[in-house]
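Take a look at these structures.
The same chain A turns up in both complexes below, where it pairs with chain B and then with chain C.
So, the complex of A and B:
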């Protein structure tokens, strides 16, 4: 039965081996579900967050995977709107990754809100003055769009496509992909932006507060830029990892290089704007409310090094590596660039959430520290395990890489 | 944020926010509704087989989709984006209008009855790219059979499921199904029509079809000797690739003759994958 579900003409590992490989991930998933039960049953006191440190590991993780998941909408935009047909070979995988990232982020948010049964209040009675209202609406709608985009991939399963109505539905749904890709891009633009903007409007947090560009704080645009810069790198990395684990070529080298190039160009643009933003913030915005650079970077371990690493080591350097045709043609350099780009966006989200809340903003306040509880870590790992399991099943039974069969001939 | 919720105010900001999201939601739901409507129309107009073929065609690798005119050498290189429906292809129409295929093919000469690497290829019939042939009988009906290449690929099938007499077949839709070992496949119908009679391997044909009154187009079928020869050569090349896929591979000897029952002589090959590739069912 298992073989009848696998895409025709491609080979996958033996079913027993596949299940054995998944066992550790299912164990992690189980532990996470137990931790989830504890939080739901006994409340958020099972976390180390409090009224002052209200954003912890989960929100950091949400912001990071939502940024990395941007590869889904951006690849869709490049393929369906800008007609970059070389990305047809990775779009299915990018959609699955996007779906995993967004559904995982929403799962973590459901735990984070503390009273999940009232989560729908954020849609029905949103706080019109909070940028989180926009984030909630955009995330919900975009997850819906991703689910709709995932459906045609599922319906291409070998057994399912033998049901004529499924294949007809898949084919017709596919004709609407450019519209869905456009809507996805619009929603992603706003929720990525609003996640950044949410910190940029924090008047009481001089470390996060930024100048306004049009009606949005600068972090609105920086979050969008960094997400679309890191997204293609994340698609590149996951595709490479899948290729290594499965021992198969799944896309051609030029697809890797195109993803790297786009990532590199956007990263350089991001670094430019991030540098300008940081200079304005350190020399104008922050001093205007009585905070100098030393006030922000005088608390170990968050020294000025963290800003340098974010902009230079994880921004400028990968940007330069990826825009260099000579360097990105060499796989180790290409991967180095992609890893650094993804690490850069992850560090930026860490700084934005954790460092912002750690720093004192009043003369009598202390530098806050926060270490997540095992329940928080378990739920974080649960989302990763969920992603690995969903992706593994998708890779095994769905045509994620249409070129795979052709590329693996002797 | 909704008009019936007490925080809502009839202000421009609230209206833009609510209106914007409502618009997006309406666009998504409209798209999904339109898909269902189109699916309903396809069933109502009995276009299911046509759409299934188009959906399947999208999954073919570019090598499989090579245009017939590129195979025969009329064009240097071209990948078909028209589901092999030459009657609706602007390039095909243009070439035919200018008589280009005839000129190129005539210059290369015709071949009469052919034999290519042991394959018997009579030229009194037309060939479909899914390895069936069509021959019109004296009464104007079509006889449909499996070509020699297809026969040797399947060898002696364990099961052949033929359509019921009186059933309607559609060009590029399923004609009959074959099972050999662990692999099964469907054979594509080369023409539209109604099944009048079923045959078997002994008779040399599998179906007798009465051409459909509303569609007797055969422009998608390969006719001339040069074109048919070039296509069979290309198919042998594709078979080489298909057998070599995923490193399970079997290599066909250069200059040899294709044996009668390939699965019997190479039982370990991935025949399921090969059938998918050669009978256009990825």
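So, the complex of A and C:
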């Protein structure tokens, strides 16, 4: 039965080996589900968050994976709207990664809120001024769009394809793809931006508060830009990892190069705007309310080094590596650039969430630290395990890489 | 027509309640905290809680001047919801669980609408919002002390000071029964103000030029903590001691650091 489900013309490892490889991930999933039970049953006292450290590992993780998951909408936009046909070979994989990132983020959010059964109130009676209401709307709708984009990939399964009505349905769905890609891009633009805006609007947190550009804080645009810069790098990295684990070539080299180039160009643009924003914030926005750079970077371990690493080591350097045709042609350089780009966006989200809350705002408050509990870590790992499992099954039974058969023909 | 517009259109002058905390009078006895907890059915602390996870709407900070003995001095700063007119927590709440009451100027938290995302807590510069990390449990017998005018909150929602809103409703009902629409100044007073043995807390209508609180607000020794954020708090602090003012308020042009303990 298993062999009949595998994509025609490609080879996959033995079923027993496949399951053995997944066992550790299922164990992590199980531990995470137990931690989830504890939090739902006994409350958020199973975390190390507190009245000031109101956000912790989960919110950071949500922001980071949503940024990395931007590869799905951005690759779709490049392929269906800008007609960059070389990305046809990674779009299916990008959609699956996007679906995993977004559904995983929503799962972590559901555990993170105190009364998850009331989450629908936001959709029913939203506060139009709240950035979080916008995030909730766009995330919910975009997860729906991703699910609809995932369906045709599932229907391409060798067995499911034999059912004529499924084939017709899949074909019909394909005609909507450019529209869905457009809607996905619009929704993603707004929720990536609103996630940045969520912190940029906090006039009570001088570390996070930023000047307004049009009607949004500058972080709105910086989050969009950093997400679309890191997204293609994440697609590149995952594709390379899949290729290494499976021992097969799944896409041609030029696809890697194109993903790297787009990531590099956007990263340079992001670094430019991020630097301008940081200068305005440190010299105008923050001093206007009595907070100097020393107030933000005077507490160990969050020294000024963190800003330098974010902008130079994990921004400018990978940007330069990836825009250089000579460097990105060499796989180790290409991978280094992509890893640094992804680490850069992850660090930016860490600074935005964790550093903001650890710094004191009241003159007589203390600098705070926070270490997550095992339950928080377990749920974080559970989402990663869920992603690995869904992706592994998708790679085994669905045609994620259309070029694979051609590239591995003996 | 929504409530806000209806109130605007009836041409009545509504009070805008505020408070002045005299830091020179406060001795840090904590009776305001206790009165607040009892009045508002705050969940009792358990051994699992710490000073960062318990619920204390009225919290006392002890702030030192950082000098060694014998010049060492300390001041107690009662910190609670500053009832901002330009309310940062209200704008961020996705579910409209925070409302600024146009009848009183009080910032209300509606626990039944709150789903515990805690975004308001991140938005509040005063750390005046508290999350119910545990199910509230009253030790046997203690449930008889619960105030019937205030609903206890469930686990997983945020709560904060509301100037004892239950007392305002009670006073309003009493005035209405007597055929009055306006409240007298002494008719509605929060529990903390009533309990303070030093008379450090003054409460009243900020818009009434004859009220004690509005006169105190005009005093040059009265200031707003973090007023530069533009949140327009309605709670003011007052001190004649310059080191206290420097230690508790971040002056835009003074960066002097004081050693403090919260």
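Just so we're on the same page, the second predicted complex is superposed on the first by the 410 of 410 C-alpha atoms of A that agree within 3 Å, B and C clash if a C-alpha of one lies under 4 Å from a C-alpha of the other, contacts with A are read in each partner's own complex, and residues count from 1 in each chain.
Assume contacts are C-beta pairs under 8 Å (C-beta built on N, C-alpha and C of every residue); 3 or more make two chains touch, one makes a residue touch a chain.
Values in this document were obtained by computation on a predicted structure and should not be read as measured data.
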Which of chain B and chain C A:43 touches, first, second, both or neither: second
Partner chain in contact with A:203 - chain B first, chain C second, else both or neither: second
First, second, both or neither for A:357, with chain B first and chain C second: second
Contacts of A:125 with chain B and chain C, given as first, second, both or neither: both
Contacts of A:51 with chain B and chain C, given as first, second, both or neither: second
Touched partner set for A:366, first chain B, second chain C, both or neither: second
First (chain B), second (chain C), both or neither touched by A:114: second
Partner chain in contact with A:133 - chain B first, chain C second, else both or neither: both
First (chain B), second (chain C), both or neither touched by A:292: second
Contact residues of chain A, present in both the chain B and the chain C interface: 125-126, 133
In the complex, chain C residues that touch chain A: 48, 50, 52-53, 61, 63, 77, 79, 88, 91-96, 113-119, 121-127, 129-135, 154-158, 225-226, 228-231, 247-253, 255, 258, 260-262
Chain B residues within the chain A interface of the complex: 1-2, 5, 7, 13-14, 17, 21, 24-25, 27-28, 31-32, 34-36, 38-39, 42-43, 48, 51-52, 54-56, 58-59, 61, 63, 241-242, 244-249, 270, 272-273, 276-277, 281-282
Complex interface listing, chain A residues touching chain B: 8-11, 124-126, 128, 133-134, 137, 141, 144-145, 148, 156, 161, 164-165, 167-174, 176, 179-180, 183, 186-187, 248, 399, 402-403, 405-406, 408-410
Interfacial residue positions of chain A with respect to chain C in the complex: 43-45, 49-55, 112-116, 118-119, 121-122, 125-127, 129-133, 136, 198, 201-206, 288-292, 294-295, 356-357, 361-366, 368
